[in-house]
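In structure tokens below, several structures.
Two complexes follow with chain A in common, the first pairing it with chain B and the second with chain C.
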Partner chain A sequence: MRQRLGCSGVTSKIDLEARGKALDIVKYSMRELLEQIERGEKPTLIMPKRTLSNTIYDLKHKMLLLGPELQKRSFTDVNEAKKFMQTLLMASIIYEALRNNEYPTIRDLYYRGKHSIVYRSIDGKRVSENTWDEQRESDSVIRDLEVLLSVLREDLLILSKEKGKVVGNLVIRSGDDTIDLSKMGHGAYSIEPTPDLIEFIDVDAEYILVVEKDAVFQQLHRYGFWRKYKAILVTSAGQPDRATRRFVRRLSDELKLPVYILADSDPYGFYIYSVFKAGSITLSYESERLATPSAKFIGVMMTDIFGDSVFKKIIKEREARKTLEEVATGIEDLKPKTPYLSESERSNFIIKAKTKDLERAVELIGYKVADVCMEDKDAKSKIKRKEGLTGYPWFATPHWVRELCIFFNTLSKLEIEAMASKGLKFLADKYIPEKISSGDWID
Partner chain B sequence: MSQYDEVYRAVSPAEFFYKYREIAGFANPVRAVYQTVRELVENALDATDVHGIPPDVKVTIKKADETQEFYQITVEDNGIGIPPNIVPNAFGKVLFSSKYVMRQSRGMYGLGVKMVVLYAQMTTGRPVEVITSKPNFKRIYYFKLRIDVNKNEPVILEAGSWRKTRDWHGTIVSVTIEGDWNRAKSRVLEYINRTATILPYANIALLTPENEIIYYPRVVNTMPRPPVETKPHPQGLDLEFLSSLVKNTGFETLEKLLINSFQSIGEATARQIIQKAGLDPAKKPESLTNEELLALVNAIKSYDKYRPPSPKSLSPLGEEIITAGLKRAFEPEFVTAVSRRPSAYSGHPFIVEVGLAYGGKTPIGEDKPVVLRYANKIPLLYDEATDMVVEVVKDEISWDNYMVSLPAPILVLVHVCSTKVPFKGVGKESIADIPELRREVKLGIMEAARGLKQYLSKKIREEEAKKRAENIAKYIPEVARSLSIILADEDSFNAYRSEVVRKLTTVVAKRTGVSLDLIQGIVKSVEAEAGV
Partner chain C sequence: MRQRLGCSGVTSKIDLEARGKALDIVKYSMRELLEQIERGEKPTLIMPKRTLSNTIYDLKHKMLLLGPELQKRSFTDVNEAKKFMQTLLMASIIYEALRNNEYPTIRDLYYRGKHSIVYRSIDGKRVSENTWDEQRESDSVIRDLEVLLSVLREDLLILSKEKGKVVGNLVIRSGDDTIDLSKMGHGAYSIEPTPDLIEFIDVDAEYILVVEKDAVFQQLHRYGFWRKYKAILVTSAGQPDRATRRFVRRLSDELKLPVYILADSDPYGFYIYSVFKAGSITLSYESERLATPSAKFIGVMMTDIFGDSVFKKIIKEREARKTLEEVATGIEDLKPKTPYLSESERSNFIIKAKTKDLERAVELIGYKVADVCMEDKDAKSKIKRKEGLTGYPWFATPHWVRELCIFFNTLSKLEIEAMASKGLKFLADKYIPEKISSGDWID
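Presenting the complex of A and B:
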């Protein structure tokens, strides 16, 4: 069914249904608020607390989730009144956009809601203040609305920039169109900002490979990797956006296919993997729908570059072994690893780690591992101020201890492009298939 | 007669004061105008409120000569009047006074009005005119008299009387003096103003030579309780007083003299004192030698079991009158008054009263609150720097602790009433530093300041509550609009929105404890600016 509506032009049926649902959710929540006012109660919004202290790592589901703490935002609490007003203002703008068949971005919403409230204060002064000044404020209110209404912004038809891409033996329906993702030529399908409106129609694939770097994605695509190995090839082009994460999660859930992540061999690459797998700290309320707990890191690992000899040497020493065992038990039971790179390749491809890399690595695994594995005194002094950090619980595994220990010891990092430089054939026909078939990944 | 001889002769008191008029405040033509007004007004007030009559006092100052700076000053009161046989001495003989009893009154030395008469005589040569009648008299009496300086005797120039045609009582005194009105004017106005400040129960009017009328109308009907005459307290005794007492006594024995002349001395106490002085209780008072008198004084003063002096002889203004007076004068935002309990120093009872005004038309105190000092209802206008009260206000009270951040519109009024106010010097313009008095002044001010602090902190709390309410109320229109966008139909949007505004206004008023009006005012101002 095609219908012409407002300025938005032709809207798909799926869209219309999504809008109807979103309008109801907003209306329901606001009606509750109105009832409070009518009963003479103080109008109060009750929502999960969106703070770091209320972010917990759920060991069972292996993802970052919002904790049980609730936040009460009362209009009559002078410290909350402005936020309350902003929350309702944002709800009304989103509601209007939904009703008018529009697709605002978060920047649009910022501009639509930004205006001055002018009043005469009790001491007679004319005072003017803005509903909000920076987009940071309106973005924060959008996040509040997401937890208040327990919907994602995509469900409210709020768009963000398309970043992720996908190709592979997969047929989908997007809007009113059916798209075969194996017939995209040299291009790829841009993952739409509302991935929940995509319908999976047909699939012929054995796994999903998510590549951090767009350039590597393109090389593998042109090489015909996905056709040859029956893969669905996805790239997040750097830090994954919400749509890419949700799309990967749906592929994993609904197609029951394993997900492998290929990222740079550096703390940033490791972190991108963990965002796919466990969620991010700032957006922990979305993890339940965005995280893919079964995602596996296939590379590039430090052990792919250096093997495990460095690590073995370190844990020969009793004290070091003991300290690392405290971080994650089982480091001695790890399977031995031989490197994919030769001595000369290593010296050509690796890059020296920067202070920022070191700091990020300490954040991931904690200071103890750095302290034990790092030999360079200069580098050690640079991370001294991070002393006391314990790292994220989901990195406290023997595999990651070994990976980051080698990183601290060698102070080296490597980009995936380097693996491609060794030869696209090596990457596509040896490195990736071999690692998948031998189970050489970190879960 | 050689140059080493000197002529000694007795000088009459009138002659003495004539020569040393500076002591009594007539040092120059400016001071003379002020002092004349003051002496006459104080007598007028003593003739009224001391006797329970709400004062009506009218002061008229007129130019009395075309070429010379002569002014006729007339003060009329509605007081108890003066018996005609007393009038000549009351105005014409120095040291004749009714004021030797122990009770609080304004004048103390009984000199004032005679000095005025003397000064008038000396500068203009014109006599004093007195018209007077007591309440139960059928006639009104008229006198024109002067003082014979050498003899210290009144000279009656004219006298007469006529029947009352209306129910009038009181006294009108009129003198003509040479003075500098132009320069005295501001002082006189200040004196009248300050006097009126603590007498809200009085009608006080002043007509100036420029025909300006300054009028302070009565605003309360409450009167201070009149002082009751009491016998002196033994602790206030000195040798001089005792000497004159024993000479003029009608009592046969020393014991009876003590029992009947002092408060707090009964038979038992009298015997103990006399025994301690080593005297015979039956001794005739007139026969006491100087040594015996001294022994008696010491015995009386060293006895330490007297009851404190009776405060009945005092006439404090009371909190109500002070409050009313400050309100009339300054229309303050906050006012309080404290009447301390009676206390005593050296046998003299006293009461300290404190008034405190804040805000409104209260003058600004720069480094300390403005201080208005009064002694026995007389304003003290000069010598502020050396006054104990001012010292206390400035140095002993941390105004910060009472939430007063100076400069601020704050004023402290201190009234000391006593049968003997301890003045510094004969100028009677500043209060001396007596520890008992200082303590009472300090405690009185602190008590009043606590009242102010309570008021100010409540005001701050209320203002904070208002500010909080404001910071919520300003969002009501936006919240109501947002809710209505989501919940209302397009046609009923405005009515819906108004209804939500109304309900939210009620909820916010209820929750913040601030008036509905204030919330509505802010909401309306937002709507007006937004063009709703």
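Presenting the complex of A and C:
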């Protein structure tokens, strides 16, 4: 199976370079182990600890990062030996894949490494043990390697399915091609799974609009929105994957353009914004390169639907106000808001929140806001209470307290499609531009 | 809200033409109603019946089609009045959207039409009735309009999310742009939701390879597969949506190229092939334009994993052979097959089938094959038996009987990724080209 680099297939020059770089990274990190053995030491891998307790929200950079704690994996420690072996097995599989001009997926890597090791135990018995059984196990080993090598898996040319799309006045270089993203017709450019290999050549845009829903992206694209408003239009097609997040982060960093997120008005939509902005708690080590801390949520906001009268009424009560101020100071200084929807539109468009929506909202902001703002005792009683849930730090702002308070109070959610059904013209020529120009977004 | 065509947004010329055509279609079909009224007749809509009993598998064209039965919706029939009103309401919403330069989705259309009609009943009571409550209802009305107008919803510029992607030596025209699909770098071209508006300009390819899984598409693309083998590479990213199916059908019809489907080796993968080839039972009226009857399943086949020895053993028994011959004659004349996987690869790669996989397989081929080929009595007893399930006609072939018999016997399935994990070179340079050149596919 072994072969020289680039002697088959017709891969791009960019990939050949990336492959060379990745081979070096894997090789040099493993050399350290050899040196330990030569020095007569026990072979040990040392890497940052990927645990919740070692996950820190960096207030200055506004992102989730791994803390300073380290963990070691020693070959000679019986509790660590299996993990040590798994890590080396995975490193060698990835190394071979790189050498063989391959582009494995994490599913491939699981299959490639999956086998049984048969050996005699100390008491002479024949023992059989699997390298790993579930993909969960091999995925975790891949994450270990990412933190050990300080790379993203994409840097090792590990591919994945990719949902993100983009159109706009942007010329990029990908592989051996130069691609004008304003010349995609009615279709769109499907982002590559390794967005770090993209080069931005030319841009003529004022902001980046990330739309959660592909169908809304299609509508805005077809309407000529990005051309009219000089936007780069991106869709994550639901929960954003890694490549879309990295792509948006690079657009933000390198083009110095503001990023606005347009999602459904429900805790799931808010969470999508949160993943773009700060990363996911469980994969905090990736945030440093995947998160876009400057991303702004432009809507759909609860206040776009209901205005702020509900919230004003709630904070008139001293006790309620005090509790909400504990979550975020400044709730009384928020700018007033009038809704974009009429009473009858509201009644046709809103959807009743389910218990799992409420629980997701509590995850975002903790119990205090729910306790103060929810009047429906029946709905309240259905929420499962978990120990120690205090919400994400980046939701502890006056704006989000207001949004989520209204959510808990009205038990309502709304899809972007409802805004589009008021007329695509309304969505494209009024709602989005007005919100952006008036600064009616949440940072 | 009313405005003249094309006076806002920056839509393409193609869309302007499509919009004009769609407006005419809706207008002229509704004119018939006016004429009925002028003639003093009761306003009545007549359209093909969209029921299972009126769904026919056309053996000659190898697709599911609607039969000759018609249904009528009369305004003055109390049982039909609501449906009649819903149909007219939907037609008017679509007409307005077309006039207003919009691109609604079926979700939009649901929202746009959703409201309560308040009226006084015959006995003077105030009654309130909703136009529709669930999207299921409004979707069904859209389908009625499709058969009434003999169009696909896409012809009315109704958009939807779209997962399909394509790369290859193909130049297309979409909107106002000419796009070279061989110049997409590491990314891909995301197919538009209205593929009938695409124009094929130039092609240099020998076949179309449709890959079920986006991650495998990414690997083959990156490897340069389509360049090396002159293929147009398409992915449906799972269950194919309407636009991807229509796009593949048009590639097949207009470029006169064979279409090969590469999917997982499980009843779900077989079903994906089936949707591409013959359409889905519930939406048979669309098949005439969405299905690709000449599509071939190249794998992964059960015989690619296990060879044919299992099957040969089963049909040695006279009774078993007789029953299987009843499903499809010719099972003894099938070409022998040797597997692509070794014994140890098999044991690492195969996944145990679940009851729902077995039930899905029964849907495809009926109970006879399951009854003859399954030896695991426990697994057999878990399958829920449904009346009248005899399988789809296009699976009643000797090849599919062999494939599904092996599936029922081994209770195993396999993902394409397992083939890729044998080496991308194996998948790209041996498995796919060899299967195509030797004709080892199922028609």
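Annotations
The rule we apply is simple: the second predicted complex is superposed on the first by the 431 of 443 C-alpha atoms of A that agree within 3 Å, B and C clash if a C-alpha of one lies under 4 Å from a C-alpha of the other, contacts with A are read in each partner's own complex, and residues count from 1 in each chain.
In this section, a contact is a pair of C-beta atoms (placed from the backbone, for glycine too) under 8 Å apart; a residue touches a chain by one contact, two chains touch by 3 or more.
As the structure is a computational prediction, the values presented were derived from the model and not from experiment.
In the overlay built on the shared chain, the residue A:R120 is in contact with chain B alone; chain C does not reach it.
After overlaying the two complexes on the shared chain, residue contacts for A:L88 are found with chain B alone; chain C is out of touch.
Contact with chain B, but none with chain C, is seen for A:F75 once the two complexes are overlaid on the shared chain.
When the shared chain is aligned, chain C comes close enough to touch A:Y223, but chain B does not.
Counting residues of chain A touched by each partner, chain B versus chain C, the larger count belongs to C. By the touch criterion stated above, A:T194 is placed in contact with chain C alone, chain B being left untouched.
With both structures placed on the common chain, the touch criterion links A:K425 to chain C but leaves chain B unconnected.
Once chain A of one complex is fitted onto chain A of the other, the partner contacts of A:P43 are limited to chain B, with no touch recorded for chain C. Common to the chain B and chain C interfaces on chain A is no residue.
Taken together, the chain C residues at the contact with chain A in this complex read 1, 3, 8-12, 14-15, 100-105, 107-109, 111-112, 114-115, 159-163, 165, 172-179, 183-194, 197-198, 213-216, 218-219, 222-225, 227-228, 237, 344, 348-349, 415, 417-418, 420-421, 423-425, 428-429. Contact residues on chain A toward chain B in their complex (touch as defined above): 26-27, 30-31, 33-34, 37-38, 40-43, 75-76, 78, 81-82, 84-85, 88-89, 91-92, 95-96, 117-122, 127, 129, 131. Partner chain A is touched in their complex by these residues of chain B: 466-468, 470-472, 474-475, 477-479, 481-483, 485-487, 500, 503-504, 506-508, 510-512, 518, 521-522, 525-526, 529-530.
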